[in-house]
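Common to both upcoming complexes is chain A, partnered first by chain B, then by chain C.
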Partner chain A sequence: MNAIIFSALAGVVMMFSGIFTKNTSIITNVARVALAVLIAVNLLDTYGGWMIAVDTKNLLSFNKFGFFFNTILFVATFLFFVLSGRDIEKVGSYTAEYYALIFFSLCGIAVLTSFNNLLMMFLGVEIMSIPLYILTGADKKNLKSNEASLKYFLMGSFSTGIMLMGITLVYGATGNFNLPPISSAVTGAVVSDSIIGPLGLLLIFVSLCFKVSAAPFHFWTPDVYDGAPSVFTSFMATIIKAAGFFAFIKLFEERSSDLRVSWKIIMPVIIIATLLAGNITAVFQQSVKRMLAYSSIAQAGFMLFVVYANNNSIGKEGILLYAAAYSLATIGIFAILIRMKDYTFNGYNGLAKKEPFIAAVNTILLLSLAGIPLTAGFFAKYYMLAAAINAGGKSVLWLVVIAVLFAAVSVYYYFRVIQAMYFKEGDAEVENVNNRFKFGLLIIAALIISIGILPSVLLNWFYF
Partner chain B sequence: MSAIQILFWFLSGLALVSAIMVLISKNPVHSVLWLVMVFFAISGHYILMNAQFLAIVNLIVYAGAIMVLFLFVIMLMNLDKTSDPQKNWWMKLAGVISGGCLLMEMATLVRQAAEMKEKTVMMKEGSIGLIGNLGKLLFSDYVVPFEISSVLFLSAMVGAVVIGKKN
Partner chain C sequence: MVAVLLILIPLLSGLASFFIKEDRTVKGWSLFSSVITLLAVLYAIFNPQQLSYDAAWLPTLGARFSVSLDGMGKMLCLLTAISLPVIFVSTFKNTYQKASAFYALMLLTQAGLMGVFLATDILLFYFFWELALIPVYFLCSIWGGEKRIAVTFKFFIYTFVGSLLMLAGIIYLYFQTTGGSFALKSLYALHLSVKEQNILFWLFFIAFAIKMPVFPFHTWQPDTYEQSPTAVTMILSGVMVKMGIFAVIRWLIPIFPLAADHFRDIVIIISIIGMIYASLIAIKQDDIKRLIAYSSIAHIGLMNAAIFAHHQIGLEGVMIQMFNHGVNVIGLWIVADVIEQQLGTRKFSQLGGLAQKAPILAILLVVMSLANIALPLTNSFVGEFLMFNGLFQYNAWMAAVAGVSIILAAVYTLNMIQKIFYGNTTEITNHAKDINGNVQLILVVLVVVVIVLGVYPQPMINLTKDSVQIFFANR
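Up next is the complex of A and B:
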């Protein structure tokens, strides 16, 4: 509850900070401090230190998994603010409002990590996404940004409509919005073996697939990620997507048995379609930004494994690890991309000669996304596949093999960037590289490698 | 047939016909006016179900505010000429087939559902839709979502200002 209340308050504080000062670097620093306090408050909540007593009437349920997920996402956002704060200031003339919207989005995430009721899930998803529609269109003079914003808004509204229809049908079948289904004996008149409930759950499933850009509901992703200002793409592709997965897991670990369509049929289809759509299309991209958009679809395909293997502890550990590894690496790569003059692969030509440190960090992050051992990405992918095997045994081996093959495909397009940086001649231009930026990159690279060597450190912390 | 049943069938028919007219009218302004008709018919249904508050809110918010906004947008964008871009024939076919599949599936499932057999709708029953009860529920059991939704509206407002204001 602390995180929900405080992130909303921080958003209001950010709005007011725009009145008192026009100096954008002060506003950025206020945002960083507010986020640091938010992390601290959330940590206090995790260990029961300080909590505003709110009787949530069982609409929200807080547990360690959710708190820990909050912490990971907030820390990733903090690093995002540290690395890309300068670039948020440059998007437009409403810096304070952009930060306020990001804090509201974090409030939605905090709701999504603790919902215990479909009503709260709906509110959380909406609070998380509405600020994004605006952030996507923040670059008002850029036609592509406008188009992306409108497209995102329209598609998002449709998916919200589908989700509401689903929630309505579930309510019609069970008579309440609670997440753990109440047995029909309690509710009396309600028939438990109704077909309406599964139909509703299927509609919610579709709309959540849209939110995490799983195929075949991924068509908005490349256009929106490409059109949005790069800083906000970085935020959307990482933190928001991970939170969407959390909602997905939380809902379907309780309800997947109610969805009478066999879970073991529907999930592999979605997983393979997502991996295929993301990886194969990413191979053909010329722009690194667009390649990262498709790569985010491909990574979503891996994260879907945890939804497939729902309700098992390896999966839960895995999604924590995956959220951390994927968010950190992508935030770092985007932070570098934003400062490149040319967003195409050729724009990276010869970066290693000019900025050896940045090229080295970029290489580590790309290796992590590709899932090479000794980086966090390897263990993240390992845990995902282990969770699937743990849930399905030998019968899912084929699915795991396909996933590994697609991971090998992904190596191709990640290594194209590395190849351009190290083995091609050219004069890549990076703007505004200062020591603080390099220090932030160093922290991210260090985190990626240390999680890659000792994933148990992060996971053990989860249990204490 | 009692008066209530006659009213129910009349309103249902009106809602369905108006909804179809929304889709097939060539003129967008006519479409919007038919949509207003749909909202009126649905509000009538709410009153039949003893949910007066919902009926009034539906009229004020949808038929009033949102529809006026729709009309403004259509008139400002000068869309009243019938200028629909020709869509690919295959796209149309694919749309009809996939949409039709979903419709058929949902219709069959809902028809088979046990709750739906031999029932139309509960009328004149329950007092949950009365404003007093609704208010009590909103400020007791559902106070948390009620408060949290303020964040949603706040962010929407901030967004409207950010998008709408001159740079």
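Up next is the complex of A and C:
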């Protein structure tokens, strides 16, 4: 409960901080402190220290998995603030409001990681998304940003409508909003002869697919990510997406293994479609920002394995690793991208000569996204594939093989950036690189590599 | 503990090399480090005890940091440890931009290779398998020839696809072991059904076949060898291709014995097709590097066929030949590098009459080339004879067809010698000088090794005897 209350409070504080000072760097620092406090109170919650107890009548249920997920996302947001704080200030003249909206979004995430009731899930998704519609349009003089915002808003409300319809149908089939009966709707235990329950769940599933941009519901993603101010794209593509996955796995948590046949067909189709759409389109991009948008779709395809894998313990550990590895790496890459003069691949030409440190960190992060050993991304992918094989055995081997082939495709576009930085001549330009920025990058790279060598460092916390 | 040192010395000294500014210092430092590694390997070889080290690595997964040196491991570690100093000394005069990064990446590659040959935990093996690839990718892409970026990228994607398929197989195997383990022992103890083996066999074999490379997975190889800086090509062809052969012997066949039986004919036939095909193409080459590259495909094909023929004699031949091929091919690359550095071309058509100008080089190259054809008294003769013997015992027809490649090898190798060394001198070779100093020393050492192992191969056979026995005991 701490996280929900404090993130909402922090949002209010940020809103008012804009009244007292116009100095944006003070506002940024206030936001960093507020987020540090948020992380601290969430940790207190995790280890049973001080916490605010509210009787939620079982609407929310808190557990270590959820807290831990909060921690990962909050820490990622913190690094995001450290690296890209300056760039948030530059988007427009409402710095305090931007931070406030981010905190409200985090509040939605905190609700999402603890919902035990479909209505709460709906609230969480909405609290998380509405600030993003505004942030996407934050660059209000830019037509692309406006377009992206409108598109995002329309598509988002549409998917919300679908979700509500789904929730209604599930209510009709089961008679309440609580989570466990819904799970059995999928297995067909409660309403075996009725189509309403599974149909409702399918609608919820579709709307969540929209949130995590799984194909074929991904079409909004590249335009929105491309149009939004890059700093906010970074936030959306990482933290928000990971939170969407949490809702996904929480919703289908207690699914028993005797799923309906139709369900077993839908998941592989969605996974393959997502991998295909993300990877193949990313190959043809000329702008790194757009490439990252498509790559985020491709990465979502890998994360979907956890839903496929019935949420076994390997899958749960895996999604934690994946969320951490993917968010950290993408935040770092975006932080560098934002300060590049030219967002195309050619804009990176010769970066290694000019800024060897930044190029080296960028390389490590890209290698992690590509899933090369010694980086966190390898174990993230490893756990996803292992979860799938553990759940399905020989029958999913083909799906895993397809997935790894797409992982090889992804190497193509990630390595194009490395090639531009190291092997091509050019004068890439990076703006205002200071030591704090480099230090932030160093921390991200160190985290990526240490998780890559010993993932148990991260996972042991989970079992504490 | 020595086993761990073999990985740690190149790894740490390689990381340290990144920070050395002075070019000469970094050259000396990396040479020093590689010599220390060589001494450590020699210590390991003359130490009769079983050298292994085992520590917890990823307790939640069941992966352990376990390394161990058996005969085949010792032999390949020796090859790795010898090649680095040989490469460093013979290319000592070459200058590289950003030399510190170059030497650092070379040493990191060595660390990866050592790890591959030492690991007895398949996830650890996979780690090192990739670790050996990444530095090579940067080495070729930064210091390579004109078309380096595209060519190296092709190489990387090829091998990466293979590795990922292997990864899928590894994960599957993990869930078949009792309690979840990546250890070599528990994988050997598995009893997989025929159907499972038949699928998994290919997931692993494609990874290894790309690395070797076996026809039809070889298309990355000639381009990469040609475009890479020669020092890297030596590592690639001398040591790295042995990773594939090694992995087949250590992991593939013992874990999937039924599938190996089942697909034996297919694998041997594609190996033999590759031998003949590569030899025929080698005849048409006009570039020393490409010729050696294709000749290397032919030799590797024979090794692969001999492993799958599954006869003890053949396997002994493979063991010897893995080492010998490494030595010979590095020797050939050194000569190619000397000619290219000095004359600025690798094309036969522009060379000629070099024997008059560089008699010592000519003599040494001729010995190396004869070893490449596997003439008696050279080291390759023993290996190839044993391998053909093994193949013959499995199927005489296959051995006969494969034998054609010996004749073809003589054709292209002698053709190369003739065009480079005899005939009239050209404009380019008019000013050629003979080799001296480091290069001469190294080539002489290699030639001595070639002849000694050709006359007296017993130490190599003894060294790898235990691995051969384990291989056959496991069926």
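The rule we apply is simple: the second predicted complex is superposed on the first by the 444 of 464 C-alpha atoms of A that agree within 3 Å, B and C clash if a C-alpha of one lies under 4 Å from a C-alpha of the other, contacts with A are read in each partner's own complex, and residues count from 1 in each chain.
By definition in this document, contacts are C-beta pairs under 8 Å (C-beta built on N, C-alpha and C of every residue); 3 or more make two chains touch, one makes a residue touch a chain.
The model shown is predicted, which means the values in this text are computed figures rather than measured ones.
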Would you check which partner chain A:397 touches, where first means chain B only, second means chain C only, and both and neither mean what they say? second
Which of the two partners, first being chain B and second being chain C, lies in contact with A:346: first, second, both, or neither? neither
Which superposed partner A:61 touches (first chain B, second chain C, both, neither): neither
State whether A:172 touches chain B only (first), chain C only (second), both chains, or neither. first
Taking the superposition as given, does A:29 touch the first partner, chain B, the second, chain C, both, or neither? neither
In the superposition, chain B vs chain C on chain A residues touched: B
Could you say whether A:123 touches chain B, chain C, both of them, or neither, answering first, second, both or neither? first
Taking the touch rule as given, give the residues of chain C at its contact with chain A in the complex, in rising order. 57-61, 126-127, 130-131, 134, 138, 141-142, 148-149, 153, 156-157, 160-161, 164-165, 167-168, 171-172, 174-175, 196, 199, 203
Any idea which chain B residues touch chain A in the complex? 106, 109-110, 112-115, 140-145, 148-149, 151-152, 154-156, 158-159, 161-163, 165, 167
Enumerate the contact residues on chain A facing chain B in the complex. 4, 8, 11-12, 15, 54, 56-57, 59-60, 92-94, 97-98, 100-101, 104-105, 107-108, 111, 119-120, 123, 126-127, 130-131, 133-134, 137-138, 140-141, 172-173, 190-191, 193-196, 199
Seen from chain A, its contact residues with chain C in the complex are 317, 367, 372-374, 382, 385-386, 389-390, 393-394, 397, 400-401, 404-405, 407-408, 411-412, 415, 419, 422-424, 454-456, 459-460
